[in-house]
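I have a structure I would like to understand better, so I am pasting it below and will then ask my questions one at a time.
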Amino acid sequence: MTLYLVLLLPFVGALGAGLLRATARNVEAWLAGAVAISCAAILATYYPDMLAGRVVQVAVDWLPQYGLTFGLRLDGYAWMFAMLVTVIGALVVVYARYYMSPADPVPRFFSFLLAFMGSMLGVVLSGNLIQLVMFWELTSFTSFVLIAYWYHRTDARAGARMALTVTAAGGMCLLAGVLMMGHIAGSYDLDRVLAAADTIRAHSLYPWLLTMVLLGAFTKSAQFPFHFWLPRAMAAPTPVSSYLHSATMVKAGVFLLARLWPVLSGTDLWFAIVCSAGLASLLVGAYAATFQRDMKGVLAYSTISHLGLITLLLGMNSTLALVAAVFHMLNHATFKASLFMAAGIVDHETGTRDLKRLGGLYHAMPITATLAMVAAAAMAGVPLLNGFLSKEMFFAETMFAGEALWLRILLPATAILAGMFSVAYSARLIRQVFLGTAPGELPRTPHEPTRWMLLPSATLVLLCLLVGVLPGRTIGPVLDLATRAILSDGRMPVYSLKVWHGLNMPLLMSAAAFIGGLAIHAWMTHLGHPEGVLKPLFRRFDGKRAFSVLQVRLIRGATRLVNGISSTRLQTQLALIVVAVITAAAVATLGRLNLDLTTDLAQIDPAFALLWVVGGACAIGAALQAKFHRLAALIMVGCAGLVTSLTFAWFSAPDLALTQVSVEVVTTVLLLLGLRWMPKRLAMDLKNRDTARARARRVRDATLAIVAGVGMAVLAYVVLTQPAGPGIRDFIVKNALPGGGGHNIVNVILVDFRGFDTFGEITVVGIVALTIYKLLRRFRPAPEVMASSGQKRDPGRELPDPRDAVPKGVMLVPAIIGRLLLPMAGVVSVFFLLRGHNAPGGGFVGGLVMATGFIAQYLVNGTLWVESRLRIHPQYWIGGGLLCAAGAGCLAWFASLPYMSAIVWEPKLPLLGKLHLSSVLVFDLGVYLLVVGTTTLMLIALAHQSLRSHRRVAEAEELTSVRMVR
Amino acid sequence: MSTLLRHLPVLPIVLPLISGALLLFLPQQRTVLRSSIALLSTLAQVAIAAYLLHRLIDPQPGLLEHGVEVYVLGGWVAPYGIVLVVDRLSALMLALNAAIALPVHVYSLAHWDRVGVHYHSMLQFLLMGLNGAFLTGDLFNLFVFFEILLSASYGLLLHGSNAVRVKAGLHYVAVNLAGSLIFLIGVALIYGVAGTLNMADLGVQWAAMAPERRSLFEAGVGILGIAFLIKAGIWPLNFWLPKTYTAASPPVAAMFAIMTKVGVYALLRMGSLLAIPEAPAPFAGPWLFYGTVATMWFGIVGMLAARQLTRLVAFSVIASSGTLLAVIALGVTSATAPVLLYLIASVPAGTAFFLIAGMTERLRVNSVTEETRAPQPTTYTAFMAGEPHEVGDNELDEVGVAIPAALAFLGMAFVSCTLLTTGMPPLVGFMAKFSIISALLGAAMDQSSLDAWLLIVSLLAAGFAGLIALTKRGMRSFWSTGRTTPRLRFIEAMPVAFLILLCVTMTIAAGPVMNYLDSAAEWLHEPNAYIHAVLPTREVSP
Amino acid sequence: MELIYSLAVGIFCACGVWLLLRPRTFQVILGLALLSYATNLFIFAMGRLTLDRPPLIDPNVVADASLYDDPIPQALVLTAIVIGFATTALFLVMLIASRGFTGTDHVDGVEKDE
Amino acid sequence: MNTVLHAAVWFAQLCFALAMVNAAIAVMRGPTAQDRVLALDTLYINGMLTLLLFGVRWASFVHFEVAMLIALFGFVGSASLAMFLYRGEVIEP
Amino acid sequence: MMPEIPAWIALPATVLLIVGGLLTLVGSIGLLRMPNFFMRIHSVSMGNTLGVGCVLVASMLIASAVAHRPVIHELLITLFVVFTAPITAIVLMQAAIRRTKPPKQ
Amino acid sequence: MKRIPVLLPLGLAVLWLVLTESLSWGNVALGLVLGFGMVLSFQNLRPVTPRFRRVHVGFGLLFKVLVDIVKSNIAVGRIVLGLTHGREVRSGFLDIPLDMRDPHGLAVLAMIVTATPGTVWSGLADDSSMLRLHILDLQDPEAWIRTIKQRYERPLLEIFE
């Protein structure tokens, strides 16, 4: 279980570091360092297990249904990599403590660094491939925030984003590949996948999954053609570069290739893809590194090149090459991290990393220079340093990689060429920075940094030396256990780690590379370090540029696409909805319905036909007039509503007719109240009416309308001429009186069988009324409408004084009669409310009648007059109605019945006889109250706008003038 | 207490109604009292939903016969009356609703509840509508609850009305009114053919329906499906969605994150009940699948094109709807549980994202344009009880403690939401996406279904595109130079933290969560138990 | 009668759809009104058409479904009418508010060519 | 006797239907807005009469309430239209 | 379905229905035939008054015969029509006057 | 101190009884409660209440109005159908000076005028001293003025003032 600590500590540390104060630089560093060293120490305790070839595994179920466990799996290879991550991590922490400026917010830095360390350890130690992918993506995110640490810099932001985009995309591909692999293997468990290697290679999807996995690995390891993000990531603080972009994160790709080597390698496809990518990266990286001006640029490209070398080795399908690859992973980590640290020191001390501005630093900082020289030598492959050993193994492998002749020539030749460039850029780096003299003033006067800053670099250089001189004693066992862990038993190759193998072909190749490299360097010095001659060619295939162009195009294209496939027009949206509905209905019914029109014609009642001549004419008239003659259209819609309610009455639905009529009246008033605020529209402004587009749109809409109408008519007719099935109506009809206690079945349904619908329906009405009120409170009428209020139309007319008992003149008689109507409406409304259960009526109609009574008062008396004499608090009516209805439902609880069960109470009173009280009546009362409240609220709040305009005429005129000025 | 327990299923509907109605009696000036009542109601809903969910995690045999609890409203058994049905899916949706309602509610207490009147009532009514839509077992009653939640959403959308909100609101209302009419036509046609409205009974009737009536029924179901799809935001019926969500005030938009999922829920429920072997469910079909994949892509492309964080999140809501529907439409049974996980991961993420967007908007220098400025409210003293003036969108009162690490918190929250929305590791969004793809791979590889491959590719691409879009937007919000240090109140930060913690919890407890979802999915694909529980008196065809 | 009734539904629906697709807010609201009439008539039609059989129980006659018009669609229509009324009111207020804010009665809040 | 009565009902119904057609034509034709309002009012009255006829025709008086409601509040629609024409406001301040 | 109505009720009812129908029809014809609004409003009130009255009396007769008791609630309709008709008529007339002759300055 | 109205509540109670068609004690009580309840709750909206003096005059008036309605219906019907024997119909406005000031009396006059086809109420002076009617067949203005004043205004004055 202690193994979990290795993973847990960095994340806990990250959290702790994040919470510390911004000035706590030392505490932060101590914390981070302690975490790294503790992890390394814990790992070290497993060394005996590793030597014995044991695999330490811990796992808990996470999403067992989908084969996801959270587990750690420590074998030799993972151990080696984890040690690399933690040890270099510790060194980087020490280095960073002195590198970071006091102005930098260090908590963020160390927090992210530790989180990255944890993620990287997660990748390395995952025993489940899905879990591995999770940590893989986490390294992308943590590296993203680390690169963008100085986010105020444009290059940092852009570099971070590019890195994230490329590596996260790779991660997606990796996920896809891993999923396929897991599906074939039947598990995502690494051991099971390794065991199913043959099945996977034989599966028809192998090319696909291989491609996906390789995309993941290549993007992470910055392999050609995805290498471009790495140089841009150099905008990160140097400790980050030295840790992530040389030693650890970029290694994740090659780590994975080696990890899955037994599963995926061994095929021609593997050889072709991996070797080409490796070879291309090797050459491109080495060549580009030679012509960089930035120190970190040189290192970045050289990293690409060295990772290419590792990839190439992994692609060779040979176990010996695998050993060389693993060996070079370690070697590259040590010398490259050390070189980055040196670059950081130079930058830190001089204020620049530009090779053209630097020079002669050996005098100012001899220790730094020495360390850098040794590390660079290791990078160039100078004997007695670790780089030499692995490179020699590489040269040896190139000769036996392929059977084909061209391969046996091409590979060694390219290896030598790459080796030459490698020597050249190493030499150039040292020479340009530390030797000679500086061409001009440096931003800062350089001197040796503190010992603590040199210590990490020195440690790494020491390691280079030790390994280079005594490979068998130092790195030998580790390399052995790591490779053994990768390969299954019995495939372990025979190799020897010695400095001197005798005068053989690899040594000659090394020598050739060395001499060639120095020659290139000399030639370049002679030319004054030109830009790469191949640079124009490169620009063509420049991934970096392609990336940014792609990104811009992507956004632009997306915007264009979204605008193209969506619309801001309501009409388009509604037309699409209509089309969708028509299509849905047509798909189901076309050719499957039988229409029989003949039987019906005989029984047509001429009066009904005439009624619908009226209805149809009014509807069509409304459709044609709604634009220019709104009032006429409104009247016609009112007629259509009347015809509808007569139709309901005709076909045995008195309740519907009643409701429709009362709603119709209120709706007419409502729409009229709104009409006042609409702009005047004259038939003359026809400017766009007859353009071709407008005509086409009208044709389209007319077609849609006709198709929809015909469709609906057909559906209605087919249903009408089919006999009704039994359904639930029998039960309802039979139980309405005995069970529901009412003669009016519709009302029994409304308040009892389906009372919950009514309950919801009144809530809707209440909500809408409150919404209308909300909206009207903030109403802003258009200025010109304000100006054209009724008062303006009738100059000289004074508004009636609210204190007058009766209005003068014309409105006298309407007022007198109208006022009498209110108590009458009250009585009629109670009548409807109380009888609803047994005859047409009910709370809704009753409420509407009462509300219409109120509205009639406003109509004949004016707002001010009514409100000076009567306070209606509609929200109390609404609230009361809702509570009443809800409470009626709750009454059933006291009788231990479900909500909304009807409860009847029949007390006997003297004189009056038996009273019939029922929770249903209370419910209907709630409906009544609510309808009164909502209807008055809607209409009166709307009517109040005239009051507002009346009050604010002056304000509006001012506003108009302001608008005109603008 | 035992009485209340027996009536538990109806409480998520009645409770918010009663509290919302009670609030109408309290003057707007009693801010504290009003907020307390509303908050109590929301908390109670959380408790009820949690209890209902808890009961179904491991149902005791006595209490819930088949893991389905039926509440017979008014004592009229189905199919004659309306019943509420608590099964694993509806309990899950209830809990999800409560889980986002609480943080949204708390968030709005900081400022937004005073931007217009009747905010708390509206929110309670919205919750009532949502809860009802998830609970009801009756098709027409579903319509009614849709109307409740829609009308409450109109009110909330127009909360603190200004030109932008009114303009967007007009389209939103128009589209939804059309949608409601379509819903009605569909329900009517279904009733006209089947003679019943209970959803379980419809399943029974559909299974036994005479062939000559099938086409009409299918037409009804198809029309109904369009209504659901409009709500779910399927392309090309969703052009209203981005502008609506962008215009709404942040807590309202946050609440809207679940509204599209109501449409998805309805489709899932109806699809489950109407899926019989004799005839293919009318909801399924290749056109639906391609439409939903198009929706996914529309959402993705929209995310890339969006210039505003809220708009981007709105498109991500579309993408998530598309994802859900696409997986459902593909009809891979084993993917149902994962897609439910995706649902419960994406909704809190969307909610949190809208809340964060509300806070990051403040990072930018406040620019009040004519469009976004609200006119001065009037009071109707003569006719309404007196109400105080509302505060504007941008009038933050400076009372309250600004937390120091505001930017860091917002950044972390943003990253978490990005991970959740895009399905990147390590949060539950990834687990959902991974398990969906894992299930789809089965279909893709074993049945060599091209559609499944298409969906897998779309899912991966969606995550990636979302990442690109969100990184761009996040960098602009957090790493731009022209921003002010935000004032962030604890009461605003807490809800976001709660939502993210919820997702983290789900991530850690993915196994148990998936167990629950697995059983929910199993019940969904085996609707006979549901039908048996709802219709004790009816014979169910085997 | 069924034929006339169906035609009626169709005409209302067609006029409603036509108006719904028009660019002016007032046209749209009238379209919605006509469409809701069409919808209500359509729902009502699902109970089939009967003359002189209002669903009011005569206690002297044994209750039998064939004696009465199907009451369920009637109840549904009632709910639909009420909700339709409320939403029409809301849409009306929305459109005058939109007109107030934008200065135009175009549904998109800006004058576009139609 | 019922036959005669039925014929009368049928005749009256036709008359009212024709009257409604006339009113509808007037609504369409106008020419002025007040003409349309007047026609709407007529239509309402004729509708009310038709409803009363249903009562006679089927000897069932369930439609009486609808007719009564039209009688009581049918005027509100046309009156508010008239107010709108008269003052430009349906409800004055 | 209608039970058998005694002739002494059916006969007057028949006459009233025919007269009422004709009056209303004639009134509505006036709506189309009269040359201006001020004349149309008179013709329409034919249906509003005597037309309604005839049908109401007929309805009362039949209802009373069917229910075997005097049914008088049709009187309420008369009451309401008489009450409310002036409101519309007065306001509409004012509107017409204003809209026909522009008000003098 | 306002006096409690009696007549209107009673009238409303009657309205209730006619509506419900039941004369049980309970219903009568309910009708009375409703009548008084409604009138009292909306009392403020009816600041002017009528004072009835000689109600019985009303019956005579009612009879006269009924006769006039039938007569004028016939007259207007002829005009509509063009059965005027070639006589040209001249319609026009007619101003009638009024003695009645009581608003309720004027309201009843308006009802009568509206109920009889051929006359429409077209205006009232601010001080109610002059009534303007529109008359369909304005042959003899003096006769019209006489009819209105004698047949209708006088009985109304008797009832209301």
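As written, the chain order gives the labels A, B, C, D, E and F, with residue 1 at the start of each chain.
Following the convention adopted for this analysis, contacts are C-beta pairs under 8 Å (C-beta built on N, C-alpha and C of every residue); 3 or more make two chains touch, one makes a residue touch a chain.
Treat the numbers as computed from the prediction; the structure is a model and nothing was measured.
Listed here as common contacts of subunit B and subunit C: A. In this assembly, F is the chain whose CA centroid lies farthest from the centroid of subunit A. A count of contacting C-beta pairs for D-E and for A-C identifies A-C as the more extensively joined pair.
Per-chain CA centroids place subunit C at a distance of 29 Å from subunit E. Chain centres here are Cα means. That of subunit C falls 21 Å from that of subunit D.
Centroid to centroid, with C-alpha atoms defining each point, subunit B and subunit E lie 56 Å apart. Subunit E and subunit F, compared by their mean Cα positions, are separated by 16 Å.
Across the assembly, subunit E contributes residues 1, 27, 29, 41, 48, 71, 73, 76, 80, 83-87, 90-91, 94 that each touch 2 or more other chains. Shared contact sites, meaning residues of subunit D that touch two or more other chains, fall at 13-14, 16, 18, 20, 23, 33, 37, 39, 58, 62, 68, 72-74, 79, 83, 85.
Among the residues of subunit A, those touching two or more other chains are numbered 568, 570, 574, 608, 634, 650, 654, 675, 712, 715, 719, 724, 727-729, 732, 753-754, 757, 761, 764, 768, 771, 775, 778-780, 794, 810, 813-814, 817, 820-821, 824, 828, 839-840, 863-864, 940. Chains touching one another form the pairs A-B, A-C, A-D, A-E, A-F, B-C, C-D, D-E, E-F. Considering their complex, residues 606-608, 610-611, 613-614, 617-618, 621, 631-632, 634-636, 638-639, 642-643, 645-646, 649-650, 654, 657-658, 661-662, 664-665, 668-669, 672-673, 675-676, 788-790, 793-794, 799-800, 814, 821, 824-825, 828, 832, 839-841, 845, 849, 852, 855-856, 858-859, 862-864, 939-940, 943, 946-947, 950 of subunit A touch subunit D. Of all residues in subunit E, only 80, 83-84, 86-87, 90-91, 94, 103 touch subunit A in the complex they form. Interface residues of subunit C, counted against subunit D in their complex, comprise 51-52, 54, 56. Looking at the complex, you find that subunit E touches subunit F at residues 23, 26-27, 29-30, 33-34, 38-39, 41-43, 45-46, 48-50, 53, 71-73, 75-76, 82-83, 85-86, 89-90, 93-94, 97. Within the complex formed with subunit C, the residues of subunit D that make contact are 58, 60, 62.
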